[in-house]
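What follows is chain A paired twice: with chain B in the first complex and chain C in the second.
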Partner chain A sequence: MKALAARRHHRSAPVVLLLLALLLTGAVYAIAQPASADAAQAAASESDVAAGQKLFQANCATCHGVSAEGREAVDGGAGGPSLIGVGAAAVDFQVGTGRMPAQMNGAQIQAKPVQFTQDDINKLAAYVASLGAGPAIPTEEQVDPSKGDAANGMALFRTNCAMCHNAVGAGGALSQGKWAPALDDTTPTHIYEAMLTGPQSMPVFNDANITPDEKRDIIAYLDEQRDGSPGGLSLGSLGPVSEGLWAWVVGIGLLIGASVWIGAKSS
Partner chain B sequence: MSTHHDPSTDLTTRDGAPLPERFEDPGLHEHRARVGDTDPKAQKRAERQVVVLFTISILGTIGAIVAYALVPPGETVGTMRLSNLLLGLGLFLGLAGIGLAAVHWAKSLMNDHERAEDRHPTASSDAVRVKAVEALREGAKDSSIGRRGVLKGAMVTSLALFPLAIAVPLVGNLGGGWDVSQSKRTMWRRGTRLTIDPSGRPIKASDVTIGSAFHVIPEGLEEAEHPLNEKAKAVVLMVRMDPRDIKSEQGEGWSYDGILAFSKICTHVGCPVALYEQQTHHILCPCHQSTFDAADGAKVVFGPAHRPLPQLPITVDDEGYLVAQDGFDSPIGPSFWERLT
Partner chain C sequence: MSTVDSPPAPPTRTTRAAAATADYLDQRTGVGNAVKEFARKIFPDHWSFLLGEIALYSFVVLLISGTFLTMFFVPSMTEVHYHGPWAAMDGVQMSEAFASTLRLSFEVRGGLLMRQIHHWAALIFMASIVTHMMRVFFTGAFRKPRELNWLVGFTLMILGLLAGFSGYSLPDDVLSGNGLRIADGVARAIPILGSYISFALFGGEFPGTELIPRLFTVHILLIPALILALIGLHLLMVVLHKHTQYPGSGRTDKNVVGYPLFPVYVAKAGGFFFVVFAVIALMAATMTINPVWNYGPFDPGVVSAGAQPDWYMLFLEGGLRLMPGWEFVIGEYTVSMNILVPGVIIPGILFTTLALWPFIEAFATGDKREHHVLDRPRNAPFRTAFGVAFLTAFMVLVLAGSNDLIATHFHLSINDITWTFRVLLFVGPAIAFWITKRICLSLQRKDRELVLHGHETGRIVRFASGEYIEVHKPLDAHERWLRVQHEPRRPLEIEPAEDSRGVRRKGYRIDAARRRLSKVFYEDRVEPVTPAELAAAQSHGGHDALPLAQEERHEELTAGASGSRHLAPEPEDTEGTQGTQRR
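Showing the complex of A and B:
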C-alpha cells in the first residue's frame, strides 16, 4: 500500500488509472451482457478467446483484418469479408473443411486438407463468436442422422437443395466456373453449418426457413444416400452423361464383341 | 467416243496384266477343316465345353430361384442390393449359358460346310401380272365409279372424315383444355400470405435474413381444387439482399426491405429456376443455363430466356407476415403464353 501511495503522484498515474477503469468497464460489460443462448459460446472460456485471437492474428488477419473487420482487395491483393457476427458455425465450417485459410483466388475457395486441429478451430471459433452474436456450432444431437426423418428430409432437399447439389447430393455446376460441391463426404456438422451460414454462393437457410429438426431430416436423407444405391452401380449419380457413356462404350462394345464372335469361323 | 487415249485412267490389275472382259465369280472359299473335324479328341473337348456351358445355365437358374427364396430384398439398401445382385447374376448365368452353349455348339460341333441358296425372283410371271391388272380393271368397270358422281363424292367424303374421329379426341386431350387464360392466372391475390414450400408455414419478414433463399408457395395451396396444377404456376423464389445492392425492380415498392420474390418458372420453357447464387444475386435455370439478375429486376444476363422472371409484389401485413400486394402483372412461364392472348 505504501508503494502505491508513494506513486499516486507519479506522472503516468492518470494513464494507468484510466486503463484500469477501461478494463473494469469492459469486464463488467462482458459479464452483464445478456447471456447468449448458444452453448458453444457459453462454453468458450476467456483463455480460448485469447488463444483464438492469437491464432486469428497469425493466420487470418492478412485478409480479414487485424480485428476481423474485413479488408478490401486492393490491386489483386488479398482481401476478405468482415467476420463480425458470422458466428462460430461459419468458422467451424470454413476452417474445418479446409476452405480457410484460402490458398489462392479463383472462381471459388476450394476445400483442401484441414490446416488446424479441431482444438485450434474451436479457439478460432470462440474468438470470432466473441466479436458479435452469430450462429453457433450445432450439438451432436442436432446433427445425429439416426434421429432425423429421411423421407421428410428428401422432400426438403428436393425443394431447397437438389437444384444445385443434385438429387442425391452428387454436386453440380454453377455459373462462371463456380460449382456446388458433392456432399458424399461432408460431415453432418458441416452440412448443418453450411445451411445455417450460407458459405460463398450458397444462400442462407436460417432456422425460420428450415427448422433445426428439418435440418436434421436433411442430414438423415443425405446419410441414407451414403449406403449406396439399391439398384447397383450409381455411376456417380450424374444422370445421362455417365450412364450414356457406360451404355455406348461397355454395352454396345459387348454387343459388337458378341456379333464378331458369332460371325467368326471356328478354328 | 473419243479416240484420245489417257493412260492415267487406264485400269490394270495389280501385276500389270490388262483387265479381263468380265470378272468370274470366285465362288466360295476353299473349305478348311476345323481341328475338331480331324481330331476326335478336340471334338470331345468341344462337346464337354458345351455341356459345361449348359450346366452353368442350369446352376444359374437354380441359383436365381434359391436367391429369390432365401435372400429377400429386406429393408436396408445393403440387403436390397444383395438380393438384386444375386437375382441378376442367376438370370444372367441362366440365359448367357444357354446362348453361349448354343453358339458354341453350332460353331464347333455342327457341320460347317458352306452352302449357297439362290434368291427367288421377286416379280411374278407375266401371265399372272396380266391377269391381276385385268381383274382390277374389271372391278373398276363393275363399280361404274366414273358415271356415279354422287356415290363417288359420298365415298371420298366418308373416307376423308373418318380420321377426324381419332384426331379430334387426341388433339382435344392435349393439356386438357384450350383455356389459355388460365395459364395467366395464378393463386396469388392481394393479401395472400407467402408460405414455405412444402410445410406451408407463413413467413415473417424479420425471419428472412440477408443472403437467404426461401422456396415459397401461396397460403392455402393444399385446399385448392388442383393443388399440383396451382403449385406449378404459383411457385416463387424469395431472396433477401442488402437493399443497397438492388439496382432496379419491376415495379416501384414491389420489394420489402431487400426481400424480393420472383416466379420460379423459367420464361424460356418453364423449368423451375431455383439455383440462387447469393453473392452475385444470379438465379440460374438448370435446364438451359438462362441466368437472371435478381438485383436488377431479374433481367436475363445469359442464356436463351427472353424476358425477366415476373416479380411478385410483396409487403407485410399487420402481424408482420409477408403477403402479396397483388398477383403477377405479367404471365408466368414460357413467353409464348404472352403472345397467345
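Showing the complex of A and C:
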C-alpha cells in the first residue's frame, strides 16, 4: 500500500487509471453484449473469413470501401454505406435476394437473379460479421412456418407490415418511386432477416419490438397465403382495383359480346 | 312478321290444356287484353338496347344471391372470438358481422360462391348502368319526351352507388372500415353540420356499435325497395314512350320499326337473362372478389397498402388522393378544403351536370318537339365531345385512385403520377373535347363526301381526250338516307331587345343567354347534304354548281317546316320483315 500511496501522485497515474477503466468497460461489455451478435462469428472459421474478405474486395469494395468502411458517392459515382456492424443477416438478405451487388443506382436497389452461391454468401457474411457485432442469420427453427401461429401473425402483420406490403404481402408503393416489394416468393429466412436488419426503406423490427417467436408467426401467416385463394384466382390480391378491372374486361366484355351476338341474330 | 299461314294442326293435349288455362285466367282477370297489347308491342332491334337489360338482370341476380346471404349474415357489432377452418383468423377477436361472413364463406355450402356472385353482380350492375347511360347520352335518347326518365335512371345510378357502398361495408373488415372512415371524414368536412351528421350516422363517435345494423337495414330493405320501384317506373316510361330507334330508312319520330315483343323479344330477353347470370356465375366461380379473410376484422388503427373502394367509388378516392392538403381556420373552426373539394364539391359538380344535361341541352336548342329517332353521335359534335370530356375527367380520377398500383406495376414515382393527374384532370378533358369534336366534324364531312360523290371504286377510266377519272359508285337509297336524314342544328336567332317602338322586350335577357349557349353548342357545324346539293352533284358531277344550291336550300327549309323535315328523298321500301307501329 505504501508503494501505491507513494506513486499516486505520479504524473502518469491518470493515464494508467484511464486505461484500466477502459479495459474494465470493454471487459464488462464483452460479457454483457447480446449473445446472437457473435453466433455467426463462432460458426465461421478463420478461413471462411479470409475467403469472404477476398470475395468482398473483388465484388463489394468499389462501393463499400476496401475494409467495408463505406464510401461517399463522388460526382454521381458509386458509393455505399459502411458495413461494419450490419451483421451476417444483412449480408445474407442483400446478397441472397440478388439486391447486392447492386446493378444500378435508383430510387431503390432492385432484386435480381442471385449472383453468388449460398456458400460464397456465407463466406461474405462471415467476413462482414467479423468486422463488428451484428444480427446473425436465423436458424432453420427460428423461421419454420409450421411452428408459428398464423392468426397471431395476421394481427402483427396488419399492424406492422400491411400499410406498405398490402394485407397479404402483395406489395405496395412508397414515395418517390420507392416500393415495398411483394413477399410471395421471399424465403422465410429472408423475411426474418429483413425484419431484423431493415433493408432500404424498411424500418428495423428488433427483437424487443417483435420477438423472434412473433417473427415466426408473421412468417407462418405469409406462408398461409401461398396456398392460393379459396375463392379462385387471386387477381394479384390487389383489392378492388383489379376486381373492377376484371369486372369490366371479363364481365362487361363478355356481356357486350353476347349483346352483339343476340342483336345480330336474325329474328 | 310474314309467317306463312299453314292449315292449323289438330290441337294436341298440351295445347288444349294451355288454352284452357289461359281461358280460365282471362275470364277471371281479363289478362288477355294486356297480353295482347304487350305481345304485339314493337321494339326496335339493336345490340346497344340490351345494355340496360344487363343492369336489370344483374339486379335480379343481386336479389336472388342477396336473399341467400341474409339467411347466414348476422348484422351485429357484438365482439366474438372466431373459431373455424380459416387458420389465419382462428381465435381472433372480431365483430359478429365479420365472423358470420367468414362462416358464410367457409362453412356454409355454396356460401362463398353466393357471396362472390353477389359482389361480382354488384360490379356488373354498376358497370352496365354506366354503359347504358353512355348509350343514352351519346345517342341523345334523353331528349323530349324522355327527360324525366333520364332523371329516374340517374337516380337509379346514385342508388346503385349507395347500395354498393352500404353492401361492401357490411362485413366489417379492415378495407370497408377504411371506406366508412372516409365517409365519416367527408361528412365531418361539411361546414357547421359536419360533426352532427357524423354523430347521427354512426350513433356517436366513429365507429361505434350501431352502424352495421343500420347499414344492413338500408342495404337490404330501403335501397332495394327504392331501386325496384324506380326500375318499375323506368320500364313503365319506356313502354309509355315506346322505345327509341336508330335512324334508318322508314324510321321516323312518328313510328317504331322493329319486331313484336312476343315471340321475338320474349325469347331474346329471356335468354339474355340466363346469359347474364351465367357470365356472373362464371366469374364468381373462378375469380376471388373481396377476400375479407385477407383484410381481417376492422380495427380503426389499421390500414393496408392498396386500400381502395370498388371501382364505381374509385373516382372519389382519386379526388382525395389528388387534392393538396389545403385547409384554413375561421375562429375555432377548421374548413377542410382538402376533403370538402374532392369529397363534396367535385362529385357535386359531376353529378349535377349529368342529371341536368337534358335540360341544359333543351335550353340551348330551344327545341320543344318530341324525338324518337336517335342521333348518330357524330351528328351532335358538342354533346359527344362533352360526354367524352366528362368520361375523361372520370377516368383521370379513377386512375388517380389507383396511383399506388400504377406506381408499382409500371415502376413510376407515385409523386410524379399524382402531379401528372393533377394537371391532366384539367387539361385532359379539354384535349379530349377538342379531339372528339374534330373527329365528329370530320366524320360528318366524310358523310357529305360519300353522299355527294359515292363510294370510291378504284376503277380508273381514261377518256379519248386523255383525261383520267375515277368512277364513283353512288350510294344506294338506304345508305344515303342514313347520312342525310338528320336536321342541321344551328345557333338560335332571337328577337331584338326592343321592338319597333323602342320598348324593351320582356324575356330578352334569358333569350340572350340562350343564344350564347346555343352558339357554344352549334357554332361549329357541318350540315347534311340537301336535295339540291345532291341533285347538283349528280347532274353536273362537279363542285361548281354548289354555291347556287346554298340559296335554294333556304326555301326548301322554310317550305318544309310544316310537313316533313326530311331534306332528301326517303327510300320507299323498308328492310326485311320488320313491323311498324305508330307512336
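In this text, the second predicted complex is superposed on the first by the 221 of 267 C-alpha atoms of A that agree within 3 Å, B and C clash if a C-alpha of one lies under 4 Å from a C-alpha of the other, contacts with A are read in each partner's own complex, and residues count from 1 in each chain.
To be clear about the criterion, a residue touches a chain if its C-beta (ideal position, glycine included) is under 8 Å from a C-beta of that chain, and two chains touch if they have at least 3 such contacts.
The shown structure was predicted, so the numbers you read here are calculated from the model rather than taken from an experiment.
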What is the contact status of A:241 with respect to chain B (first) and chain C (second): first, second, both, or neither?
-> second
Examine A:156 and indicate which partner it touches, taking first as chain B and second as chain C; both and neither are also allowed.
-> first
Once the shared chain is lined up, is A:26 touching chain B (first), chain C (second), both, or neither of them?
-> neither
Mind working out whether A:198 is in touch with chain B, chain C, both or neither, as first, second, both or neither?
-> first
So, A:254: does it touch chain B (first), chain C (second), both, or neither?
-> second
Winner on chain A touched-residue count between chain B and chain C: chain C
Given the touch rule stated above, what does A:206 touch, chain B (first), chain C (second), both, or neither?
-> first
Identify the overlap between the chain B-contacting and the chain C-contacting residues of chain A.
-> 155, 159, 163-164, 172, 174-175, 180, 224, 229-232, 262, 265, 267
Along chain A, where are the residues that touch chain C in the complex?
-> 107, 150-151, 153-155, 158-159, 162-168, 170-177, 179-180, 221, 224-225, 229-235, 237-248, 250-252, 254-256, 258-260, 262-265, 267
Of all residues in chain A, which touch chain B in the complex?
-> 155-156, 159-160, 163-164, 172, 174-175, 178, 180, 198, 200-206, 208-209, 214, 224, 227-232, 261-262, 265-267
Once bound in the complex, which stretches of chain B touch chain A?
-> 32, 34-36, 76-78, 80-81, 84-85, 88, 103, 107-108, 112, 196-199, 203-204, 207-215, 239, 272, 274-280, 282, 284, 286, 289, 291, 302
Chain A contact footprint on chain C (complex, rising order) = 45-51, 54, 87-92, 105-106, 112, 116, 119-120, 123-124, 127-128, 131, 174-175, 259, 264, 268, 271-272, 275-276, 279-280, 283, 285-291, 293-296, 299, 301-312, 314, 401-405, 407-408, 411-416, 577
